[in-house]
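Letters A, B, C and D mark the chains as written, and numbering starts fresh at 1 in each.
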Amino acid sequence: MFAAPMIAILVSMAMLLVRAVKGPTVFDRILSVNSFGTKTVLLIAVLGFLTGRPAFLDLALVYALMNFISTIAVLKFTRFGSLAGKRLRPTEPQAADS
Amino acid sequence: MPGALDILSWACLLAGSFFALVSSLAMLRLPDFYSRVHGASISDTMGAGLILLGLVFQAGLSLVTVKLGLVLMFLVITGPTSSHTLAKAAYRLGLDPQLRSKEENASSQN
Amino acid sequence: MVLLAFLVAITWAIIQLRDLFAAVMLTGIFSLISACLFMVMDAVDVAFTEAAVGAGISTILMLRTLALTEGRSDPRYNRLELGPLAVVVAIGAVLIYGTFDMPRFGDPNAPIHTHMVPRFLEQSSEIGIPNIVTSILGSYRGYDTFGETTVVFTAAIGVFLLLSDLRRGRRVDDALRDDIILRIGAKAPIPFIMVFALYVQFHGDYGPGGGFQAGVIFAAAIVLYTLVFGLAKAEKIFRRRRLELLVAGGVLLYGAVGVVSMLFGGNFLDYNVLAHDPVHGQHYGILLIELGVGITVAAVMVSLFFLFARRQQV
Amino acid sequence: MKAAFNLLVALFGMWLLWSGHYTPLLVSIGLVSCLGVVLLCQRMGIVDREALPLDLTWRTLRYIPWLALEVVKSNLDLARRVLSPRMPISPQLIELQATQKTDLGLVTLANSITLTPSTVTIEATSDGRLVVHALASDIAEDLLKGEMDRRVTRVEGSVAGTMENTA
């Protein structure tokens, strides 16, 4: 019975994968990766119950955590690095406070 | 024997799966980045919430429930934070949202 | 199976993509999927490490590296090179041929199940540590793990030597303090992440986890802090000298446990002698060496991140 | 000081709930770990009222179910929009002036807006100006009515006496 959510999550992962590959902007990709991470958390939680080892939840939390931190890191990078403007019209990041 | 709790749990899990699917579909269908953020946030809230809630019903009252709750809490705190930061970064770097004014909208709906 | 298909698809996409940034993002997904695979195969500890290292830190470090390069791969290097391709295909074929000889996954008659596993399981219960992986790594194969920690240590020293003598450039205040949502949203979880890291550190005996993972998670908390509050502030709190001391200190702690157990009359890294009861001795010993591993890994990760971050500012 | 103590209690509580092993050794390790983390965080300057608003009042408790209901409603609405073949959306940017006095209150509002699908906060500044991307005009109008803003301000009002703006 746990199969239903698992399949749903896998299918939606596949759809996210398509979005991540297609882009078109870097932000779309970051969003897909972030969303993919959330799906992974859910998948692991469900899988943990499927195999009867709820200790897997530690793992799910680590994923949630790493997902958050790497998203922030990536964003910081797009803001200060020079790469983000590749497909966008790059404008100067505004000064410290607007 | 499937008790009421079991049924509730499965209802939650199935509904959560449904929303997870809708979320990904939204990611594919919606036209621009900003609207896709909305799509992603479906799965962050409803998808994750319902699936984890379903698992809570499975687990019964134990430490596992607490852990599930904490995972959900973490997702709820960090989810909006990262999607906001993402939207903001895009906005500041000059990615223009695809907007439709009210008039156009009205005419396209007619 | 589905996951494997994902892996293939994503690898193909990574190769095809010109935009290195996108490639890095896809690598992130790649490691998420492979961690799921480890989960499916019940290798929780491996998945844990993959989660912490692959999905988190390595993406960040790769991005930092990307900041130093041009951001696009040169199409000239993307021609199909027949020579290397042939070599890779040949090696792959040999490896696949090798797997034919290997017992099927989960086959109870496999040599590893008939010889090694019972021994490990027996040993593990004798040691009294529920998580078999930890007991094998920490006790039965204590030397190996010591070696691995030393490898981390040496690698870190290598990177330090390569990167640390940079010219000091202008300092940019890269704090995101003005971003109130991020500030508050990140401030709240940091202490909890740290405690969670320590939990992973000390519960390695019971659940998946241990020094490597805990070190990475703890480092991640500090990375998050650095991202939000700026490198300058973070470096003031986590000073370089102290980090370097910690890098060495972790390895030394591991070694010291070994030496102390020798002083008590046992072999190197034989924890049985650390307490009156061998089970307790094992317990304390593993706890301590895991702590050593954790300290080293965390300090190395943070130093590496600082080095890359500083380099980007130059 | 009070904030540090609150944090310590919260952290240790989490440790106990999460650990599930109550041998004296592990519990004492837990206590030491939590203490160490609190000290470290204090040096990092992230221990304050803002980071851990523990003083939940009944008004907060009443806000959370309301928010949850809102989230569910807008989720259903968004699902309907996405699934319908015509996709009746008309994305727009709106600006609104929040009435919260503290950054924490403002962030609560901004995150509540983001948490509700079909509205995402794009900008938030300390003076209370929010830029929101809404997926459809009726959603935007709903938000502009300010129901959520009023509720968050009410929650904030109940705790604002004990905190000052740290911005």
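FYI, a residue touches a chain if its C-beta (ideal position, glycine included) is under 8 Å from a C-beta of that chain, and two chains touch if they have at least 3 such contacts.
This structure is a prediction, so every number in the text was calculated from the model and none was measured.
Trainee: Relative to the centroid of every protein C-alpha atom displayed, which chain's own C-alpha centroid is closest?
Mentor: A
Trainee: What chain lies farthest away from subunit B once each centre is taken as the mean of the Cα atoms?
Mentor: C
Trainee: Determine which of the two chain pairs, A-B or B-D, is joined by the larger number of C-beta pairs in contact.
Mentor: Of the two interfaces, A-B and B-D, more C-beta pairs touch across A-B.
Trainee: For subunit A versus subunit C, what separation do you get between their C-alpha means, in angstrom?
Mentor: 20
Trainee: Using mean CA coordinates as chain centres, what's the gap between subunit A and subunit B in Å?
Mentor: Their C-alpha centroids are separated by 12 Å.
Trainee: Averaging over Cα atoms per chain, report the distance between subunit B and subunit D in Å.
Mentor: Centres of subunit B and subunit D (C-alpha means) sit 16 Å apart.
Trainee: Quick one: which residues in subunit A touch 2 or more of the other chains?
Mentor: Residue numbers touching two or more other chains: 13, 30, 32, 58, 61, 65, 67-68, 72, 97.
Trainee: Enumerate the residues of subunit B that touch no fewer than two other chains.
Mentor: Counting only residues that touch two or more other chains, subunit B contributes 25, 37, 44, 67, 70, 74, 77-81, 83-85, 88.
Trainee: Mark out which residues of subunit C touch at least two other chains, giving numbers and ranges.
Mentor: Answer for subunit C, listing residues that touch two or more other chains: 181-182, 185-186, 188-189, 196.
Trainee: Could you pull out which subunit D residues touch subunit B in their complex?
Mentor: It is residues 14, 17-18, 20, 71-72, 75, 78-79, 82-83, 87-93, 110-112, 114-124, 131, 133, 135, 137 of subunit D that touch subunit B.
Trainee: Taking the touch rule as given, give the residues of subunit B at its contact with subunit A in the complex, in rising order.
Mentor: Its residues touching subunit A are 10, 13-14, 16-18, 20-21, 23-25, 27-28, 33, 36-37, 40, 43-44, 47-48, 51-52, 54-55, 58-59, 64, 67-68, 70-71, 74-75, 78-79, 81-83, 85-86, 89-90, 92-95.
Trainee: What residues on subunit C touch subunit D, complex-wise?
Mentor: 180-181, 183-185, 187-188, 190-192, 194-196, 198-199, 202-203, 206, 225, 229, 233, 237, 283
Trainee: Under the definition above, what is the set of subunit C residues touching subunit A in their complex?
Mentor: So the residues of subunit C touching subunit A come out as 2-3, 6, 9-10, 13, 17, 19, 21-22, 25-26, 28-29, 32, 35-36, 39-40, 42, 44, 47-48, 51-52, 55-57, 59-60, 63-64, 66-67, 71, 172-174, 176, 178, 182, 186, 189, 193, 196, 200, 207-209, 213, 217, 220, 223-224, 227-228, 312.
Trainee: Within the complex, which stretch of subunit B touches subunit C?
Mentor: Subunit B reaches subunit C through residues 74, 77-78, 80-81, 84-85, 88.
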